[in-house]
Every structure is written in C-alpha cells, then in structure tokens.
Amino acid sequence: MAKTYKKPEALSEQVTHYCPGCTHGVIHRLLAEVIDELGIRGRTVGIAPVGCAVLAYNYFTFDFQEAAHGRAPAMATGIKRVRPDLMVFTYQGDGDLASIGMGEIIHAANRGEKFTTIFVNNTVYGMTGGQMAPTTLKGQRTTTSPAGRDVEDVGMPVKMAELISALETPAYITRQTVIKPKYIVRAKKAIKKAFQYQMDRRCFSLVELVSTCPTNWGLTPVEAIKWTEENMLPYFQLGEFKTPDEVEED
Amino acid sequence: MQREVMFAGFGGQGILLIGNILAHAAMEQGFEVAWVPSYGPEMRGGTAYCLVAISDRPIGSPIIRNPMHLVAMNRPSLEKFAPMVKPNGVVVINSSLISIGAERDDVDELRVPANDIAKDLGSTKVANIVALSAFVARSNIVDFEVLRKCVQEQFASREKLIPINMAALDAGEKAARLK
Amino acid sequence: MAYKHIIDNDRCKGCGLCVTICPKNVLEMSEDVNSMGYFPAHQARPDDCIFCTTCCIMCPDVAITITKVVEETEASEQ
Amino acid sequence: MGKILMKGNEAIGEAAIRAGCLNYFAYPITPQSEVAEYLSRRMPEVGGVFLQGESEVAVGYMLFGAAGCGARVLTTSSSPGISLMSEAISYISSAELPVVFVNIVRGGPGLGGILPSQADYFQATKGGGHGDYRLLVLAPSGVQEAVDMVMMAFPLAEKYRNPVMILGDGLIGQMMEPVEFSDHLKSEPSNKDDWATNGMDTRNRKERNLVKSLFLDAELLEEHNLVLKAKYDRMKQEEVRYEPYNLETDYRALVVSYGTMSRVCKTAIDNMKAEGIEVAMIRPQTLFPFPIDPIRAAAAKDGCQAAISIELSMGQMVEDVERSVQGKCPVHWHGKAGGEIPTPEEVVDVIKSLIK
Amino acid sequence: MAKTYKKPEALSEQVTHYCPGCTHGVIHRLLAEVIDELGIRGRTVGIAPVGCAVLAYNYFTFDFQEAAHGRAPAMATGIKRVRPDLMVFTYQGDGDLASIGMGEIIHAANRGEKFTTIFVNNTVYGMTGGQMAPTTLKGQRTTTSPAGRDVEDVGMPVKMAELISALETPAYITRQTVIKPKYIVRAKKAIKKAFQYQMDRRCFSLVELVSTCPTNWGLTPVEAIKWTEENMLPYFQLGEFKTPDEVEED
Amino acid sequence: MGKILMKGNEAIGEAAIRAGCLNYFAYPITPQSEVAEYLSRRMPEVGGVFLQGESEVAVGYMLFGAAGCGARVLTTSSSPGISLMSEAISYISSAELPVVFVNIVRGGPGLGGILPSQADYFQATKGGGHGDYRLLVLAPSGVQEAVDMVMMAFPLAEKYRNPVMILGDGLIGQMMEPVEFSDHLKSEPSNKDDWATNGMDTRNRKERNLVKSLFLDAELLEEHNLVLKAKYDRMKQEEVRYEPYNLETDYRALVVSYGTMSRVCKTAIDNMKAEGIEVAMIRPQTLFPFPIDPIRAAAAKDGCQAAISIELSMGQMVEDVERSVQGKCPVHWHGKAGGEIPTPEEVVDVIKSLIK
Amino acid sequence: MAYKHIIDNDRCKGCGLCVTICPKNVLEMSEDVNSMGYFPAHQARPDDCIFCTTCCIMCPDVAITITKVVEETEASEQ
Amino acid sequence: MQREVMFAGFGGQGILLIGNILAHAAMEQGFEVAWVPSYGPEMRGGTAYCLVAISDRPIGSPIIRNPMHLVAMNRPSLEKFAPMVKPNGVVVINSSLISIGAERDDVDELRVPANDIAKDLGSTKVANIVALSAFVARSNIVDFEVLRKCVQEQFASREKLIPINMAALDAGEKAARLK
C-alpha cells in the first residue's frame, strides 16, 4: 500500500506565506500534481487573484499572471482567445470570484471559455482581515458582520457551483473540499478532470473547493476543519453539478 | 525631543496592545504621540510590530527607520530590529524566548525573562506587560505612575484581569531595577 | 524498511493537521520552535508508521516527504 | 470630551457619524478596511445604514442612489477601489450630488503596495473619470485633521452639491494619534427638496424631481457644463485652504508639500532653522482648489531661490506648483513612491543641494 | 364587456422617442397603470437605465434617477437602504442588466433588496445600433454577430429569470411578454404582484419581459411580433420561476 | 492603393489590422461602435480574434491577459467606458504591457452627450487610474491622421512596453474623409519572450515569466516606479510630436489646440492672415509627452501677446499650456463642452479680443 | 352608443399593431402622413367597433383612447 | 473655398448614401472632402441627415451651423434647415413630399418632384439620386461626369441597379436644367 510522496515539480521550493493549517497550501499542491501528471507545465499559465493567494505565483514553476481583484476570468479569456493552445487556470477566493468578480465569472462560464477556475471558498475575505463574503454562512461573525450574517439584511450565502450550473452553456462544475485526505483525493480527481476537459477544448470548468481560514475564523487549524465539516458542508454540498457530456463519464 | 519605541514579536503576544498603552500614557502626560502598526499581508507571516513616537513637539514622520528603543519579544524581531536601534537606546529582550543578545555595545541591553515571570504570576499572557513595565522603568520614557494608571484603565472593562496585570507591572519594574 | 518519512523542520508551520489525521498516531508536535517561530511536528513513534502518505496528503505545506530507500535490485526492476 | 487615542480609520468613521452621516457603503480594501469594520459596529448603534457592497463599482452607484434621494452619505476606499469608482464619480459630479469619498491612498500603479503614498494626486485633482468635473479635495496631515476634514467635508459637499474627496494615506489610516471630536453637526442638507428624489409626497412643491446626467442636446450640455464650471470657479475663490510655515522669515527656498509628507518637511525645516537656514513651506490643505496665488506670491519673494514640490509620488503636484510659480523661480521635485517616507535628513539634503 | 381606456396619470403627455411598434411603450404604460392603481405615485422613484429607455424619465410623472449603464440595481439599493419607505423600480434592457450589469443584479437579488426590476429583453443592444446581447438567440444576426450568434464561440443565450431563481434568497421572479393583448394583461398582473411584494417589504422582484426591437431586427412591428413568438418564446419560456411564499399565492 | 473615402471608426479598425493587430476586445458605445461592427466582420476574414466583452471593466482585463501573453491587442471605447477601464489601465501600465486604447471622446461628465468633446484630456494625460503612470497619448485631427496614429501606436507601445491611447472624438469617429493606408506592419513584437507568459515550451530560455503589478516591499516598489519614471522621461525626450502652424511669421498670439478643434483654429488663422493679422499655432500631436519646450519658446517670442488654449472642454489642456509658458506671456483659455464646435468666426473674435 | 374611440393622430407612429390585433377588423393605416412623418391608423369601419379596448392594450404609444360618452344620468349614478 | 451641402430627410430615403456619393465625386475631382452624418439616438426619431464639405484647402471644422446648400427630402427637414442656409445657396426641395417652400428670397430654390420622377422610372427608391443629380446640375459643385462615374461605381456590385440609377441621374439633371 505504501507509496512515495514528494513535492511536485510544478511547485516551487518557496515556503508559502499562508497561515499554519490554511488549505490554500493543499490546493496548490493538488494543482501542481495534476499539472505534472498531465505534463503541461511548459504550456500552462496560472492566474493569481487578489486575495491571500495573490502571491501564488511564487509557489509554482510555470508562467503566471496576476489579476486585479475579481477579474481573473476576464484575463483568462484574453489569454485563451489569443492562445487557445495554452492551458489556463484562474485561482480565486470567494471575495474575488463571488463578490466583485461575479459578472466576470458568470460571463466567462456562459461564453464557455475553455479555461479552468479553481474557486477557494473559505467564507471570508482572508487577506484583508476576515470581512464578510457572499459565501459567509448564516449567523457567521466576521469583522464586517460583527453580530453574525443577518440573512434578512444581506441575503443567503451564495452557492456559486449551483448558480453557474444554471447557465445553458455546457460546462464542468463541481464542488469538492480539502479538509480531509479522502476528500483531497477526490478534489484532485476533479481538478484533473477539469484540466482534461480544457485540454480537449470541451468546455469551461469550475472546481469549487470548500476551504478553511483558521486565522480569521479565530480557530486552530484542527478546529477549523471541524467547523468546516459541521457548518459548511451541510450548506455547500459536495458533488458534480454539471458535466458537458450527455452521459456522465469519469 | 522625539523618542521612538519599536515593539516587536509574534502575533498573539499582545505587541500592539503594549504600544497602545505606552502611547496612551505619553498622551496623558501631555506629550504628542503617534502609534503606528505594521499592517496588511505581512501579518500573515506571524510577526507583529508597532512603533510609538513620543515628542514634546508635533510629530513629523512617525515612520522611522532607526527607532531610539526596542522591545523585542521573540528572536526574529530582535534579529531584525536590533541593528537599527539608535546608539544609547534601550533594548529590552524577552530572554525567556531569546537566547541571543543584541550584539551591540552601544545600546542599553536589558534581558527580562518576561514569559517566565508571567508564568510565575499565573499566565504567560501578561508577558507583554512585564516587558513594557521593564522598558518604562529602565527608559523613564513616561512617568511610571501614569503608566500604572493607564494599564488599569486599559483593563477597566475586564476587571478581573486587573490584579494580574498590576502584578506584571510590578514584576517588570522590579526586573528592570534589579539590573 | 523500504521507505523513509521525513518532516522538513523548516517548512512545517506546526498546524497539527498531520498529527490529527495519522491513523497510527505516529506524530506529535515538538516543543522546540523552528526558524519561522513555529513548533513543528515530529515522529514520536516512528516505528508505528505504515507509510500510508495520509499525512503527506493532508499537509498544507508539503513539509512531509516519503521516499523509497532504493536497493539495487528494486531500482533495476523498475 | 477630552482627547482620545484613536486609529485614523476609526476616527474617520466616528467623525462621519458626528457629521450626521448615517449612511455608509463600502468595499474592504487595505489600508482602510478598519473604517468599514468600525462602522459595521457603530452604524447599527446609531440607527444608521451600513452596507458592504459587492464591489467598488456597485458602491459608487449605491452612493449615487442614496445621495440622489437626499441622504448624507460616505464611502472610504483605497487607490484601485477609487479607480473602479471613477465612472460613478463622474456621474455623481454631473448629477451634482454631495457625496464624501475618502481615499486612503496606497502605493501604485496597479496592485502596487499597501504602504503610504500620494500617487493619486492626479486622479483626485484632475479627475479620474471622464469629462469636465472637479472634486473638492482635502488633504489631512494627521488623524486630528482627518477628523476635522470629515466634519468639514459634508457641509462643503452640500454647499456646492459636489462630491468632496479626502485624500489620506496608509499612515493616516493606520496610525493612532490623540483626537478630539467637536460637536455633532445638524443632520439634513437643507435644500434637498429642490432636487432630491425623496418622493413627491414628502415635499411641499408637487413637482417631480429628476437626478440625471444625460444632456443629448449640445446647448443643454454646454449650459450644464457652464453651471458646473461656475461652481468650480467659485470654489477657487472661496475654498482655498493652506497652512503657511515659516513664511514670515527671509527664506531661501519654498517647499510645497501636503499630508504625511509635509510632517517630515516641517521637521526638516525646523532642523535647518536650527542650523541658521530659513526655508518656508506652504502646505496645501485643499488640493483642489490649489493655493496657486499664495504659492506664486511666496515663490516671487526676494531671496527665494527655489520652489520644491516634495511628494510621495513620482512628480504629480509639481505640475500644479509649476503652474503656480509661473517662472518666478526654478521649480524642483523630490519624491518617493514605494511606501518609504523620506526622512527629514533626506529632505534637508535635497533642499541644501538646491540653494546657495 | 366594454370599458374606458385612457392614459394613466403616472404617464406624461410626451410622445416617446421609441421607434414605431417598439414594446418599450407598452411596458411604460403597464407600469404607469400599476402605479396609479396602487396609489404610490407620490412615493415612487424610477430608475432609468442606459439603453433605449434612457429617457424613460420623460414619460413618467414621478421622481426618477438615471443610472449608469448596468448599475441601476446598485442605485436602487442605495435608495432603498436609506429610504425603505420609497417604492423603487429599475427599468433595464438586456445589454444593461444581463451584460455589463450582471454583477449588480445578481447581488441585489441575492441580498434580497426590496425593489422591483423590470427587465426588457429584446435580444439586442437597441440604443447603440443592434449589437449582440447576452440574450441574442442562437444564430441570430446582429451588427456584432454578422454571421449569426455562434454558440460554440460565445455560448448560449442567458436566461436571466432562471439564473436569478437559482439563488437561495427568497424572491419573486417571473417571465412575461407584451407581444399580444392576452400576454399584456398577464404581464401587468405580474408587475402589480411584484410591486405588492415590495410594498409588503417581502422580497426582491424581477419581471422579465420578452420584447421586440423591430428597428434593429430589420422587421416591421408586425413581423417583429411574429418573430418573437416563433423564436423567443420557445427559448425564453414564460412563467413564474420563484415566489417568496412556501405555497404560491396569487 | 489610392485614396478611399472611409468613416473614421472603420478606418481605425482597418488600420489596426494593417498594423498587425489581430486581437480586438471591446464593448459597444456610441460614438465608436462602428469599430466593433467593422472588426466583427473583418477579424474572421483575417483569422483574428474579435470578442465583445461583457463590460468595459472585463474588456480591460481581457486586454491585460492577451497582451500579457504576447499578443498585439486593441480596444476602442468612449468616455464612460474608458473610466471603467481606468483600474485596468493602471494595472496594464504597471505590468508594462503594450496595449493600444482608442477613446472616441464624447461629451461629459456622466452620461453627458454623444457629440464631439475633448473633455477627457485630463483623464488621458494625467491618468484616470491610480498611481504614478503615464500613457503615451496621440491626438489625431482627422481620419487620415487617425489611421497613421493607429499604425504608429503599436510600435510605440511595444518600444516602451507601455499602453498608448489615441484620443479622438465623435467627429473623427463618425466622419468620412479620404484615407490612404500604408503597408502592413510586421506582426510580432520582437522581445516578448523575455517577459510574456506565452508558455515556457515556446521559449528558448526555460525560465518562467511573470506578469504582475504587486510589489509589497517598499524598496522593490520604489525601484519599479523609478523604472517606469525613466521610461516616461525617455518619452519626454524622444516622442514629443506637434505641428507648427504659421510659426515662421511675426505672430501676435499663439494658439495651442489639438484634434478636431485645431482644424477650426487653422481656418481662423487663415482668415486672420487674410486680414493681415498673424497668429501662430502649435498643434500637439502627442498630448503626453506635451510639447512644453516648443510652446515655451513660441510664447517667449517678441510680439506674442497671448497664448490661448482652445479646447472642446472647460479648460484642461490650458493647465499644461500654463506650465509650458511659465509666465512668458499671459495664458488664456477658450472652449466649449456641449458638443458644438466653435466656429472659425468665434475663434477669430476670441483671439482679436486678446491682442492689441 | 355609449363609448367613443379616438386615435390621436399626432401620437400614432403608424406601427400597425392595432390594425393586426383588432378582432373586428375596424382599423386601417391612413395614406396621409402626420406631423411626425408617420402614416397613422384610423377607423376604417367604425361601426364594427365593439370597444373591447384590445387595440388600446396593444398600442405602444397610448394613441388610442376609449371614453364613455357620459349622459347626465350615468354620470350621477357613478 | 469651402462649400457645404446638407442632405436631410427620413431614415430610409437614402440620405446618407447621396451625401456619400457626392463626397466621393468631389474626392475624385481632387477636392478635400468630409462627410459627417448625424448619429446616435437622434436616429430613433426617424430623421436622417448628413453634411458634405468640399474644399480646395484642408477642411477646418466640417460641422457647420450654416451650410451653403440644402437638399431637403421631406418637410420637417426643410423647416429645420432652410433658415440656416447661407445666402445664395441652392435649396433643392423634394416637391413630391413637400408642399411648402424655403420661405427665403436670398437662396436659389429648386423644386424637384423627386419621388414622382422616381416612381415614373420604376421605383421611388431612386428619388434620392434624382435629387442629388438635380442639385449637382444646378450648383455645379462637382463635374457632372465625375458624378456619373461615381454613381456607376457605387452600384458596381449590384449591377442590375445601375440602369435605373443612371436614368434617375439623367432625369434629375433634366429637371434642374429645365427650370
């Protein structure tokens, strides 16, 4: 059963600036592994968001662009339109993708742009100090919802995977999580599948990843995992919401 | 004259708070003051620091490359800031966590086992107050009694914390005077 | 034993996720601070390790590596 | 109420409330997010409105809508966020709505950095948006002045029915200084029934109000622009504010500097005085309208060998200084734009190198 | 059966600038009738979009604001937040609402802002000369899709009512049309219902109205009606997609 | 190929293709939508990319992405649309990407009108976005010059790795004039392998490229801004372009005017010459870098009683004229900002009123 | 007849929608241009009109009005 | 010298086209030319107009409040623009649709029943060419033979339209010379 495990080539040596236990690190590694396995490092362009992952480009070993807050899907569109042969992914947080970047992600998905979006949903604006995000859970306290998210006042948390699945244009849309090894393995499969659809120039793909932000939640990494499981997973249900195929394949 | 104090350590050590208390005390004593924190994504790295400027005239730039004094609560902070302190400044070193020294012979180095003292008092949380107190006692940057009053005010809304913090203040002062 | 389990002391941020997740209770947090100021994980009970890579999969900082201790025969077989 | 030690961002939030502004829309961005965090707690306490918009673009139009129906309203943001509001700022200016914007400027261009900067001078004073409009731009040099300017901004915005921008920087937003708050201002702009879409039923005059910026007809648009221009000209007459420093001496150079940077210049000037070298400063408190005449007069004084614009930017205000000085003496620029603030020593060296 | 019919009070005397047979005129009248019937003219604020209806404020007799392109929902939010007692509606075209204003409409709907959106879907950018809109039908020729909308290149037409209905926050979402008297009567009912939900401070409401643009379609008004019926209605299906009530009421 | 009669907007589209720009992203807006309409037909013919973005904000970043991976890329828009791109323009400037923007300016501020205007002068030359950056700004005065400037813009953008903006107006976009197209330019910017994210596999040098604008460290951001400043300073040295008109005479006044407005001024100057009154003009073809020295020299000439900035705005370029003239003679402004263009007669009257 | 059916000549843009929609085929387009340059609709067969308001409901330009021809008795009844 | 012609009428009357043809002809003859349409939402109103400026020198502003000549294809256009025409200009009035006159005694008014003439030729669509031709014949603003060539070129890609348009050209010329 035993196997070797080491840093993928697509990942740089640099120690990340992420807080201890932050799942951004796990997701980075999965991406790097998939890119290694597909052998596409030399023709991949990543797009870093504005959010805690703004420095993501430091942690990979292939071409990167850094977007403005929320606009990664527009940048990816620009790249894919002029260079359809490149493999392009955006890496975006929930503030980035679901708040300021709502228009861009919906339109890129609707146009069926052939890139992949990795959507890291941790229910808060990590980088700027834990403000409320569109995905903040009902009653969840943040620095700008000090009394807890009041859904009467600001509505329900947005379910991006479901929302984008409501578009008519074919796409691959899935929600996974990385809070435990078994989920991590599935998340990696989903990312790989998304990249494969892109390689085949089939469709847009979005992998939403239910993630943690121990620092801004005020929890230890271990508590954060538990909190995610108990609070996020019941609302942000895991699964495949849409595939471009008539009959689902794996 | 303008004097500046850099407080530095890990996030969670209460660094910003002791800077704040010192600034408050200086203000109470009639000085011009400014308190400047580090901010933004640097915080992710786990470090925290702030600078307090105290002056009898309006304060020019409170962002200062070479502060007069330093209170270093962990080793990386000491390594980073000790070389920048102006000659004759006071450098307080939390010797519970820092084995090395400032490596300067032109500053007034004061080693205080703040965490150990605090632990003896019942909570390592008050190590920051121990260090602040030792610093003030040594530098006389503000009147110690004003500082005492400000610490008290700081915890006014959480009254049960007052005794341990006052004890930390006394212990810190003692540690400074001893040397 | 054909595998080697290494925790890179200077990459580990002491989050403790590997400790919780290890099925064999191999890991524990160390008492000594590392260069970044964190208390890293270490193998408290290395002999119990079954090299299942679970901890590697969980670690957000790619601080854990498991490598094959290559013997001549094995290497040529591959 | 005596002095309290307060963070600039929080003091700005508190000042707004005391200025009777109970409506705040914003989007988080370093180094000003504490304003939003503070007001998310405070607004519910005072029965006000706090809303985190989905983006700065949206926030710009939330302000438009709210101000358009007569509410006193504030936003705070930082450089990229202000860029995203620039279309709205142009619209709000054209629709003549009194909105107060605070820009806690960070390093640019692009994502840049988050440290103190004055590189949005052009954007604020020449208009980031399109068309002929002007913001009234106030530049505080410390927390107390930030508070005072917020209190001042609302009446000014309402006097001119024009947006006012307060240009701070990361230092002013993040630093704590002692502040004192003056009394609360009265709450309602008095004349809003003449123009606000506050519902016909609530007004005496039963004509409907219209808040808009479209003028398809050339003559009407021309007329509208002349009305706006008259307003900006009036600001130039009535609202120029600046602090003279050491201007009564026989100075050998004139420094023009504002905000955080001007604090350092004061220290530098004091230090030079101690050496026996007199240098004067004009510190614009309004960046628009710019203190053109005072600067020209000061630069024209006998013995003044140079006017030096010292800025946390690569040379923006210097253009207005050049315009002001009109050749009366040579104009120079000194600045930095990375986030580091020049030291008094550096400023002294620069000044000395320019005078005999 | 006969009844009298005259211009509602909420409508001004001015002849509109709309092209002959353009359904914007019908929708204006319906709105005015509803406002008259609810007696809310004195506390209503309309928001004109940027699009052919940019001058809508000339045709009504109550307070109006004019938005920037796509931003009407943000303006309506600003108004409703500071003056919840006012009745506020946005009037938006498909370029305005579904293209540039996608982020704003989704977020306003998701926050559950208590205003009403009248969404005039005519599959093109009318005002600027008939460019492609997100709602342009498959194969439809426009001035920027001269060979017809290629869904492989720019994706499927967006169904806004369905998309917004995918949000979790309660709302009233319906799609109607105004191409024939029987539909017009139903459309009016829907508009009235939407306003009533607003009066009761229940929820956000959106009434999508399938409309025509004879000028840019290059058809006569009568042909345009037929085209709409044959091409738009099968794709943009009429109906109520969401109500805030557990049990649907009328 | 001889002269053909062509609409400005279409000629701009055709010129882009001939400049080897096969990538176009835009959003419709009057009075420039014909560029998009034209290119939606032409791009497929030449195997290029045409994409109508969902908004100008998105278009700004499509340009960023495309230029970032080494493509030659164009957008066209009009005033409010450019405001919405201002954040992107700041980012693109910071990331040093060669993008060409065309702004067919319309009346502002706000929704304004759609008739010709020059009221986006400030926005274009001082930066609508945040931070220290500069666009190289070209101002054509007719359809042929618009074509020439588009052809020129791409090599300039690539020479400096800096965005170039062409500032036209509704007249230039909508009018037909005879045009001649020069030969096609070569297609690929040569040095892109050094910086573009075009995929490591396609490059010889196997290091990854990074396109970004974040510099959290003060020293690095300072360094970056100094690199940018050096570039802008070089533009000031090498790229100033202007047309002198009647400058060889003993003129009594100096007009500074550009674009559409300058055409009228030429007629006015001709008419005055016929009356025996000599007036000179400097017509800036680059608005940044601005022809500061030529204007100063011309204003300083004996007999020149006034410098007059004549603009389709409420007074924007006049500030640069003031800066240039440095008190050598009085500086005046004349302008309109509704969409109507002053007639030659009106211009003659204005000039006469300012000279003896 | 208690109702009056009026087409406002100067509001009508000649779109023809009322003509198509009238169940009684009452309406036709006129040959004479109006002040806006359009050929307005008119009642070719007024006697067939049943005042069903269908044309009013359809007209995008509120050019058609149907009013009650008020008799004294009716008026006081209401 | 610079001369300007305003063409005005309903949308659909081919107003922009005849302006375009005239500009083309003038260009062929070596003049500087500019053609300026009305644009934007005004078009919704159903009116269409364009202005053609022709000159032997570079053209200053081609947007002119007082054009030299006018070709009015419908009544609202005549009412709007006739008062603006410069003295001694030519005003062509499409008398098929316009019963009134220019109400000016300082212009050269030419009434041409363009729609009727066109109808006689087989299609009212060519009324615009009739009016253009009459205008050129009367004003001599460009050489008539150059105009003829340009009309031919204009329809080169739709060859079967050439005969009727050439006939319209002849008819328009005749109508102008007759008066």
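Order of writing sets the labels: A, B, C, D, E, F, G and H. Residues in every chain begin at 1.
What we mean here is this: a residue touches a chain if its C-beta (ideal position, glycine included) is under 8 Å from a C-beta of that chain, and two chains touch if they have at least 3 such contacts.
As the structure is a computational prediction, the values presented were derived from the model and not from experiment.
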Chain hops separating subunit G from subunit D, counting only touching neighbours:
2
Sorted by contact pairs, first entry is D-F
Distance from the mean Cα position of subunit H to that of subunit B, given in whole angstrom
87
Averaged over CA atoms, how far is the centre of subunit A from the centre of subunit G? Could you give it in whole Å?
60
Averaged-CA centre spacing for the pair subunit D and subunit A, given as whole angstrom
38
What parts of subunit H, by residue number, touch at least two of the other chains?
40-41, 46
Residues touching two or more other chains, restricted to subunit A: which are they?
18-19, 54-55, 66, 68, 99-100, 102-104, 107, 127, 134, 154
Multi-chain contacts in subunit F, i.e. residues touching at least two other chains, fall at 30, 51, 54-55, 57, 80, 87, 91, 95, 110-111, 114, 212-214, 216, 340
Quick check on the complex: what are the subunit C residues that touch subunit A?
2-3, 10-11, 13-17, 20-21, 36, 38, 50-54, 56-62, 64-68
Touching residues on subunit D, where the partner in the complex is subunit E:
23, 25, 49, 51, 53-55, 57-69, 71, 73, 87-88, 91, 95, 197-202, 208-214
Which stretch or stretches of subunit H touch subunit F in the complex?
20, 23-24, 27, 32-37, 39-41, 57-65
Residue numbers of subunit E touching subunit G in their complex, please.
1-7, 11, 15-16, 18-26, 29, 180-181, 184-185, 214, 220-222, 225
What part of subunit A is in contact with subunit D in the complex they form?
50, 54, 66, 68-70, 95, 99-100, 102, 125, 127-129, 131-132, 134, 143-147, 154
